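Some notes on the structure that comes next.
As written, the chains take the letters A, B, C and D, and residue 1 is the first residue of each chain.
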Amino acid sequence: METTFPSLIPLLAVSVSLAAVPLILLSSSRPNLREFWTLAAALAKFGLVLALLPQVLTGRVAEARLFELAPGIRLALKADPAGVFFALVASGLWILTSVYNIGYMRGLGERRQTRYYAAFAVCLSATIGVAFAANLLTFVLFYEILTVATYPLVIHKETDEAVRAGRKYLVYTLTAGVLLIAATALTWQTAGRLEFVPGGFLAATTLSARTVKALFILFLAGVGVKASIMPLHGWLPTAMVAPTPVSALLHAVAVVKSGVFGIIRVTGFVFGPRLMAELGLNAVLAGFAAATILLASLLAFREDNLKRRLAYSTVGHLSYIALGAALLAPAALAGGILHLAFHATLKITLFFCAGAIYVNLHKEKISEMDGIGKVMPWTMGAFTVGAIGLAGIPPLNGFVSKWYLGLGSLQAGRAFALVLLVLSGLLNAGYFFPIVRRAFFRNGSLPAHAKEASPALVIPLLVTAGLSLGLGLYPDLFFRFFRLASAAAASVFGGPGS
Amino acid sequence: MMRRDDDAIISLVSRTVSPFIMIFALYVIFHGHYSPGGGFQGGTMLAAALILVRLAAGSDLSQLQFPRSWATPLGSAGVLIYWGTGFVSMLCGGNFLNYAFLPVSGPPPHHRNLGILFIEVGVGLAVMGILTAIYDDLLEGHPRD
Amino acid sequence: MTWIWNNSPALPVVLLLPTAIAIPLFALIERRLARWLALAVSLTTVGLSILNLVKALSLGPIHYHMGGWPPPIGIEYVLDPLSAFVLLVINTIGFLVLVHAKKVVDREIPESGKHVPYYAVAVLMLCGFNGIVATGDFFNLYVWLEIASLSLYGLIAIGSRKAPVAAIRYLILGTIGACFYLLGLGFLFTMTGTLNMADLKAILPAVGHEPAVVIGLGLIVVGMGLKMALFPLHGWLPDSYTYAPSTSSALIAPIGTKVGAYVLIRVLFFIFGAAYVSRTIPVTTVIGWLAAAGILYGSIMAMAQTELKRMLAYSSIAQVGYIGLGIGLANPLGLIGAVLHVMNHAAMKALLFLAAGNFRAVLGHSDISRLDGSTRRRMPWTTAAFAVGALSMIGIPPLAGFFSKWYLALGAVAKKQWVFLAVILLSSLLNAVYFFRVIERIYFARAESTAAAPRTEASASMLVPVLVLAAALIGLGVLNAFIVKGVIGKIVTSAMF
Amino acid sequence: MTTSWKDIPVTKFLLGHYGYWFVFILMTLGFYGMVVKKNLVKKLIGMNIFQVAIIMFYLSSAGKWKATIPIVDPAIGTADTARYIDPLQHCLMLTAIVVGVATSGVAYALLITIYKRFGTLHEDELIERMKNDLDME
């Protein structure tokens, strides 16, 4: 059973990057200082999140209860296992992305870098806020801030295409936000509480089945857009016009994972497994997730643009996590939560690779990538690692999470999910390995002076690739991801709703 | 805007009648606090007297009787008299317009009597000034062809 | 001090009225005195409003008998939490706009002879609004209403070449509104024989079933609907706001319509009571549905506009609809939403109109299609504040605009009015469409000329109010629970539900 | 027993409220003028008629049968207030008249400005000329 203790660390973890924003803006004319602030904030944030880890592993949950946002609803932050898990992933990868950002932005000589770094910092604050939100209103608050803060990043290039993508992004996410607000208002008004409780709190209220079902649909639509569950995924491939680090951190980790994390919060901490099973809500979620996994994998084949292919792959993998939440088995949920981290390291590796290729050779299309493996061996080596991982082949971490998902599907007595996972693994291999083959085993027409990308680009992607491998071999290494995920899953299934 | 066909009779009659209207207007104002009448009515009559002359003698000649530039300041002064009466009673410890607290000698009914008289005078001035100003301004604003 | 303490309910009106008249007189001595006098008196009223609000919250309603005559014979001024709160909002916004006014007045009012009258009339308008809100007497309210309206017509007509046409249209409709109010009041008066609000409230239950009372209430609602531009009685609004000088729009848009809303809230929930207006006669239901239609209409029309001020004007129609919706819900949460939105929308609209004024002052126009990246580079602070205001209008937490929608949404859920809920949420999205259109141009459209535009930010007097309002939007949003619990909670408990 | 035509409920209602019918007709006339007439001056005249109708309405509610003006008459005394008509409405309407005058003043000032700028007071023509008026500022 978890016990809470008051602590300011969650609040600090959220606000440290927010505090960096004015500093970044003020030092806009001195790029080195500006990037120093970003890196400092990233390190501080990661350190703060890490400081929460020992406590949460012993079952003690740090909690920062601030003033009331509305009568009866506080702005409250709680570092429970699931939250710490997500915060660790997001803040840890922010450090790497920051380093990568510097190489990428300077390599391309992008304009408006100050705005870019500032918006990035706000996004990270909002993401950690989403992770630590202790109730639905706080969650909504950070969720909406995340939406708005990502918008400048999506249309950073300021081309017509980028502006159109930005509009599409806003239409999708703001609509979702509005539905989420509606769901929250409905919950507050009917159930009278909004605090996340492991195992859910709606079961303890006397809501009619119809209301609960309506609520579930609203919530699912609300968080489903960021989690890009089909048919709500349309914005994600379009948003790939953003600079690659944005796609890497936000569209593989922070933003989309906030959506999936929202699904976990809603299913595990609002509705609870028992209520879900009683009303058959899990079948709805599982159905959508399963369809998304399959369709996204198939659609990925069509895309020649590397980043768009990665985007479809992301859509599919996000639904792994949603599926994990829908199976209502401890192992499946643990697997889903694990996949949240493991997919992040893998996918960020792939995006970093795509970005490095773009900076170095200005190539975006897969069909033009013949032979680049010979020029950029480190980059494409890391790419291969990521591809193997996403296909779920041992010894990479993608296998571990998939293994637990598979276990969970058997635990829940739903073998179809296992079949689906295997099939999806094959499809993943099907759309990633040709790229690897092209890169290494074909001769392309590349400029003679082409060489490996700059260290600021290559080191982060090697680190993430190494992380993927390390976590595959020892899932509990470094950050106790495995224990955190199991603790979170156990709390949901051991909670009052089970 | 003097026109050649100005009628001597109209001019003479209105000039003669105007003072009498004013006298009656003053009567109405100063008896307003205990009999029918008061500042509004009296002020309107005063304005009527002025406007009558303006109509008859033309707006240029009538300036000799009551210059246009006086109208708005007089109106303002009227409002300020009204306000001042209220404010003085406020300063002397009463509520706004509570004449019983006016700093004059005599019993409270006397205060009230005097207070309402001040008010009527203020209102009368204000109404006269403003109505004349409206007339003048509208005339001035009209395009002369 | 005790003198101020004793007279504080009447003092705002008592000070504003002579100042409005004294401004032209003092301006004869020194023209700049006009502005300073207006600012001084406006700041004083802000202070007095704070005092009054504190008094009303801690000591209960304050009654002030004009002339020492107790009601129902005399006219009384009543400051309960509702009126004290609305007064504080009005006076604060009024002060900020007057601070901002200097450069806009210089620029947008071409004839310098009209500058002094502008300040005089603005102060007179504030006086009228203070009177409307503070008075406890229905006929006195009518008189203040007309004083305020006449000043409004003047403030609008002072603007561009077409402004007088907009003003006369507003005048005709506004007078119809006032006449309806007066007529409705006549019906109530003949039935009850009193004009004092508290007295009327006490007598009403005995005669509530009489058709004359129903007709009277209906007429008052229509009249006030006209004044607050409740759809479909909004016809006067877009032109008036567009052609008026920016500083007038910034004064009228946040305050003008709110006063109509205040009177509606006062009459419906404090005189007649929610049970009467929602069940005996379904007035609030009608208001609610009209407001819902108005929200959609205003938002959609706003999307079609190419001129910033006109867009904001249509957005005002939608925002007034929110208040109408809160009234229409006729439950405590709806009332919280409505009252909170009175404050939030006042702050948001003032901010946006002032920012539009800054655009006009610096760029010489406020055409959305001509705004681009250079705008942001030339005036970074104004654009940033504008963005905050726009996000608040859309309803992004934790900005103020989100929370009024939150309470309205809760009210709609409590009443099981799903259509209203849908309208509130849909309008957020529509707001997003037309505000992001502007934000997109300001921040992300490439400048026509690639030459680096010099930074020509608006002057300090124009910038400070805008930034203060932007900060206020964040503050009011984050701290809304304090306001809702401390102030609006008391308003709701004193209402008749 | 013969019932007079005056006792039929409808006619009784009509006759019993004849003052109000007068006011009502006046009001409708004024409202008609405000809404339908295209000339702005006529609109204002309609507005004034409307205001006068409301003033009449108030005053009619003050009247009492066989009562006199509200000035204390020693012959009547103050015991029976029903002998005096209600003075309140007259005071109120005095104010309303002043308001009406002020409104008219502002309105005519606006009309003069409009006429100077656009050369017409007819609404349709005005809209037409405003469209052609290029001076947006």
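Please note the rule applied: a contact is a pair of C-beta atoms (placed from the backbone, for glycine too) under 8 Å apart; a residue touches a chain by one contact, two chains touch by 3 or more.
This structure is a prediction, so every number in the text was calculated from the model and none was measured.
Peer 1: Any chance you could name the chains that touch subunit A and subunit D both?
Peer 2: Correct list: C.
Peer 1: Write down the chain pair with more C-beta contact pairs when B-C is set against B-D.
Peer 2: Answer to which pair has more contacts is B-C.
Peer 1: Please work out the Cα centroid separation of subunit B and subunit C, and write it as a whole number of Å.
Peer 2: Averaging C-alpha atoms per chain gives centres 36 Å apart.
Peer 1: Provide the C-alpha centroid distance between subunit B and subunit D, rounded to the nearest whole angstrom.
Peer 2: Subunit B and subunit D have C-alpha centres separated by 25 Å.
Peer 1: When the C-alpha atoms of subunit A and subunit C are each averaged to a single point, how far apart are the two points in Å?
Peer 2: So the centroids are 44 Å from each other.
Peer 1: Just how far, in Å, is the C-alpha centre of subunit B from the one of subunit A?
Peer 2: The separation of the two C-alpha centroids amounts to 79 Å.
Peer 1: Multi-chain contacts in subunit D: which residues touch at least two other chains?
Peer 2: 102, 113
Peer 1: If every chain is a node and each touching pair gets an edge, what shape is that graph: line, ring, star, complete or other?
Peer 2: Contact pattern: none of line, ring, star or complete.
Peer 1: What are all the touching pairs of chains?
Peer 2: So, checking each combination of chains, I get A-C, B-C, B-D, C-D as the touching pairs.
Peer 1: Residue numbers of subunit C touching subunit A in their complex, please.
Peer 2: Per the stated touch rule, the residues are 373, 391, 394-398, 402-403, 405-407, 409-410, 413-414, 421, 425-426, 428-429, 432, 436, 440, 443-446, 478-482, 484-485, 489.
Peer 1: What residues of subunit B sit close enough to touch subunit C in their complex?
Peer 2: Of all residues in subunit B, those touching subunit C are 72-73, 76, 79-80, 83, 86-87, 90-91, 93-100.
Peer 1: Considering the complex alone, what residue numbers of subunit A touch subunit C?
Peer 2: Result: residues 67-71, 73, 140-141, 144-145, 147-148, 152, 155, 158, 162-163, 166-167, 170-171, 174-175, 178-179, 181-182, 185-186, 188-190 of subunit A touch subunit C.
Peer 1: Would you tell me which residues of subunit C are touching subunit B in their complex?
Peer 2: Residues 3, 7, 10, 14, 17-18, 21-22, 24-25, 64-68 of subunit C touch subunit B in their complex.
Peer 1: Which of the residues in subunit B end up touching subunit D in this complex?
Peer 2: 35-36, 40, 127, 130-131, 134, 137-138, 141-143
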